[in-house]
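Got a structure for you, questions after.
First chain written, first letter: the chains are A, B, C and D, and each begins at residue 1.
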Amino acid sequence: MPLTEDQLAEIEAARANPQPTLRAVAPGMEQHLYTAVPVLDHGFVRVIDYMGDDAAIVQAARVSYGAGTKKARDDSGLIRYLMRHWHSTPFEMCEIKLHVKLPVFVARQWIRHRTANVNEYSARYSILDREFYIPEPDALAAQSTVNNQGRGELLQGAEAARVLEILKSDAGRAYDHYEEMLSQEGQQGLARELARMNLPANIYTQWYWKVDLHNLFHFLRLRADEHAQYEIRVYAQAIAEMVKDWVPAAYGAFEDYRVGGVALSAKGVEVLKRRLAGEAVTQENSGMSKGEWREFEEVFG
Amino acid sequence: MPLTEDQLAEIEAARANPQPTLRAVAPGMEQHLYTAVPVLDHGFVRVIDYMGDDAAIVQAARVSYGAGTKKARDDSGLIRYLMRHWHSTPFEMCEIKLHVKLPVFVARQWIRHRTANVNEYSARYSILDREFYIPEPDALAAQSTVNNQGRGELLQGAEAARVLEILKSDAGRAYDHYEEMLSQEGQQGLARELARMNLPANIYTQWYWKVDLHNLFHFLRLRADEHAQYEIRVYAQAIAEMVKDWVPAAYGAFEDYRVGGVALSAKGVEVLKRRLAGEAVTQENSGMSKGEWREFEEVFG
Amino acid sequence: MPLTEDQLAEIEAARANPQPTLRAVAPGMEQHLYTAVPVLDHGFVRVIDYMGDDAAIVQAARVSYGAGTKKARDDSGLIRYLMRHWHSTPFEMCEIKLHVKLPVFVARQWIRHRTANVNEYSARYSILDREFYIPEPDALAAQSTVNNQGRGELLQGAEAARVLEILKSDAGRAYDHYEEMLSQEGQQGLARELARMNLPANIYTQWYWKVDLHNLFHFLRLRADEHAQYEIRVYAQAIAEMVKDWVPAAYGAFEDYRVGGVALSAKGVEVLKRRLAGEAVTQENSGMSKGEWREFEEVFG
Amino acid sequence: MPLTEDQLAEIEAARANPQPTLRAVAPGMEQHLYTAVPVLDHGFVRVIDYMGDDAAIVQAARVSYGAGTKKARDDSGLIRYLMRHWHSTPFEMCEIKLHVKLPVFVARQWIRHRTANVNEYSARYSILDREFYIPEPDALAAQSTVNNQGRGELLQGAEAARVLEILKSDAGRAYDHYEEMLSQEGQQGLARELARMNLPANIYTQWYWKVDLHNLFHFLRLRADEHAQYEIRVYAQAIAEMVKDWVPAAYGAFEDYRVGGVALSAKGVEVLKRRLAGEAVTQENSGMSKGEWREFEEVFG
């Protein structure tokens, strides 16, 4: 269970105490505030704060004085226009702050998104908890045989059992030794900043992560995608569900233009035009490489 | 007057409608929300939104689950520690969004601070208003004779009058011609994106500007400083007053460590040690250049 | 003429003195170094320095030890793969530094690209030259009647003449007054930081601008596009020509996937599939707005 | 040994082939290019490329056309002025690209510096080598008893031996199991992106890291400092030695104003003035907290 009784009590207390504000309020997001959405076996995502809503995007795009008298439908049309034409700055006017608990190897992938603010729990200063990510059987996949950085079939039987056994026992032993090295009973006790080096990449860490909506959409496009590693994808999907409630119009545009959309190359446009004109185009006369053609066919058959 | 009746009415309406939120609320900032603080002759700054407060800085630094049971005094001590030791990331966890109306030559200086989000009123798309910055007599200064990028004495008498006359009449004529070129009465009318090139740098523009507290402090340190150009300094000072009400502990630390503080060089440290030991150090035997020595003496005599 | 005799002599001298280096050298770029490509009536772009080449992109992507033994054709295929799959970090491993002379209103648009390094000529410190952008007749366009931020037909006859007359005489007068206010003959002389406010947005400024290849491609995609304002587009096009000689493989991929490519929405994909299946889709049953449908038809008929 | 025979041969080949360039060349840096400076037991730092030199900083600050006729001594004075007055943009005009091999727990600290470009070796795609950081006896320190994130005395005798034994055997076992899980002999073989989670934080990774000189100085100030963890400090120090040869004037200014300098608070300035005036100031009447006073006394006694 990701949270202790005390932590849950603190969250309850924070949620029990609404205060008046004059700022833009997104009712769909208020319902999520502070509550922890469980992800993986010990992780979670929870919203600590947010700034802005759909109307704030429109207001910034218009550099206007107030919420204005435009209808929500006009706002939605403008938001779709902005998304379609890559006008990214109005989306930067919304901001979200998350508290995330996640395995270190997921954190290492996540942090590659540099346009964000981060405060991570320090293992130089504090002692990490004994919590490790151990995959569920349905996440225990073999190396893909067609994709160097993907997964293939699920591991079966004895092999699956053996892998789980290794992950659990190695993590447990590493943590026992971590504590043993840190211990100051009858010995000096190794510095925390050194002892941590014995911990494996599936140990959980946590951080506060703050990002604007434009950069969050970029993160979600890459990390909620089916090609992303499962263990980061589930975090991205949990966040996407919150964003949908926070800025429904912007999220709708994002789904249509980014998630469900396709970036066609000049060659791809040409092939489609030829096919629309009745020509039977093949990879050989398409000008595309085999890899490109395969990706093209996955979409258009 | 910076705002029209309609705009003031919209602001009134926005301020009349508090809504409940579970987020961190900074009462000192709520009182400023939406109201326009006049700056220069036609400009203003107003807060559109904010995220976080002093407690949010502490909470992020501790990556904690809730507001915790620590007292405000402990929080303040931690905030001072973070500021003193250049731990900047917790301050990035607060964010502010401002609506600013400002002369173009001020905007050009302001935008050099790149770590911020901006939506500016577009003169490709819209027509700018007839509003120009004309300095007050007490801001009409001569070129400094000692500093290539500073101001010296105030202009006097006929020279001051002549300068004001030039600024007013050139701005007025430029705007008349702008309108004349845009006009579609009896002619085609020049494209807005071209006509704008006739407008001088003292015309007012406006933008939404969003920045985190760490980068805002950096902006304030450089732009609220006495060496900054007066016309941007007054904006920085207006913002500083709001920040003081928003995050009083962080602002206090900022004042002590950044605004009132001094960055000593290794040579400066050495000179101080020698003087504390009773030695009478001169520029010649200080190891400092003349410029450096002058700046040093301005602080320590 | 953008450069003086002295400046040309300095450039000649710099180009006359090759030195040995062990770094990656791009012969196609060496030929451009320091020479000024004229843009608009008084502007230019010139390359001051560059880092990396096509092979450097590949080397970084592979985090490899040396140039390796792979053939250029493999490199080109990997570069296309990286571009197609939005792997942007290897492209960030190339960097370019430009010296640009450009009108202020172009500089204001340009600076919106924040992920770059800039040093601009300071009008607080120095006195600007008497050089203004005056459009050629074939750039003197009316406001578009269909696009709020675009241009329509060329201005004709007396209207065109009148516009040119205004732009020239207002700029000239503004500059005369600028000099007059600065003058210290028989008067104190207004501070430079104030006098500059009288100058119109078509005066030329100049800066050093340094950017990585990924962010440069983003700039080129937006600013070399036909929807960009003509006066910034010509700069982008001049830069694009240099980039083509610098990193031909990366530029080729950029042209195919970004410049000539199309971002289809989920709805656009659906419409294409229906049309490929023989259905005659109309805007009404496409799910697209009118604006979206018009943009779609511009590509696919 | 950090490099294989093949890698050393590749480096030799790269160093054997100087080519002519018209760009700024820093002779002090050419001597370092490609050679690997060993750091820790298996790590290294090597320069892959650089852009600019001391003169390039000056040229950008002046937005000048050529190298000019100023003497090196003037350049050095201007560089010191820029550093003293926090004019950071000219330093951003120099860029460096490094290839670094480093333990994962060091990489995690390093990556917190976000204004840089990074390509890391991918453990989703590739298999990591069996190389782990095992501290030398003189780096095996106990937890500090006065500083929550620091080190104290060296571990002694049996405790030190036991720690080394744990680190070695746990790393070895973890790697054996990593290979065992990956193996496709007689089994499917776990996906690389999953198997990596069993590896401890002292395994070595490598990346290409590219950063401008301003942000590199910021990195060096924090990470070459005595309060930084030893394992990252040795990397920072190795880089500092290269930078000293690359841009000697800028590095000299950095040492004087940043490394050897001290940031005094307003209270610190006040205390110094009182002491210079002959007063015996104590912590109690200084206005400083105990921690602040202790840090102040460390400098001024």
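Operating definition for what follows: a residue touches a chain if its C-beta (ideal position, glycine included) is under 8 Å from a C-beta of that chain, and two chains touch if they have at least 3 such contacts.
Small disclaimer: the values here were computed from a predicted structure and weren't measured.
> Would you pick out the chains that touch chain A and also touch chain B?
Chains in contact with chain A as well as chain B: C, D.
> So what's the Cα centroid distance for chain B and chain C, whole Å?
For chain B versus chain C, the centre distance works out to 29 Å.
> Where the CA atoms of chain A average out and where those of chain C average out, how many Å apart are those spots?
Result: the chain centres lie 33 Å from each other.
> Take the average of all CA coordinates in chain C, do the same for chain D, and state the distance between these two points in whole angstrom.
Here the centre of chain D sits 35 Å away from the centre of chain C.
> Indicate the residues of chain B shared as contacts by at least two other chains.
Touching at least two other chains: 89, 112, 118.
> Answer with line, ring, star, complete or other to describe the graph linking chains that touch.
complete
> Under the touch definition given earlier, write down the residues of chain A that touch chain C in their complex.
77, 80-81, 84, 86, 89, 112, 222, 255-257, 259-269, 272-273, 275-276, 289, 291-292, 295, 299-301
> Given the complex with chain D, which residues does chain C contribute to the contact?
3, 6-7, 10-11, 13-15, 17-25, 30, 33-34, 48-52, 56, 59-61, 63, 65-67, 89-90, 92-93, 95, 97, 99, 117-121, 206-208, 210, 212
> Which bits of chain B are touching chain C when the two form their complex?
103-105, 108, 111-112, 114-115, 118, 122, 124-125, 133, 135, 139-144, 148-153, 155-156, 159, 163, 166-167, 170-171, 173-174, 177, 180-182, 184, 187-194, 196-202, 229
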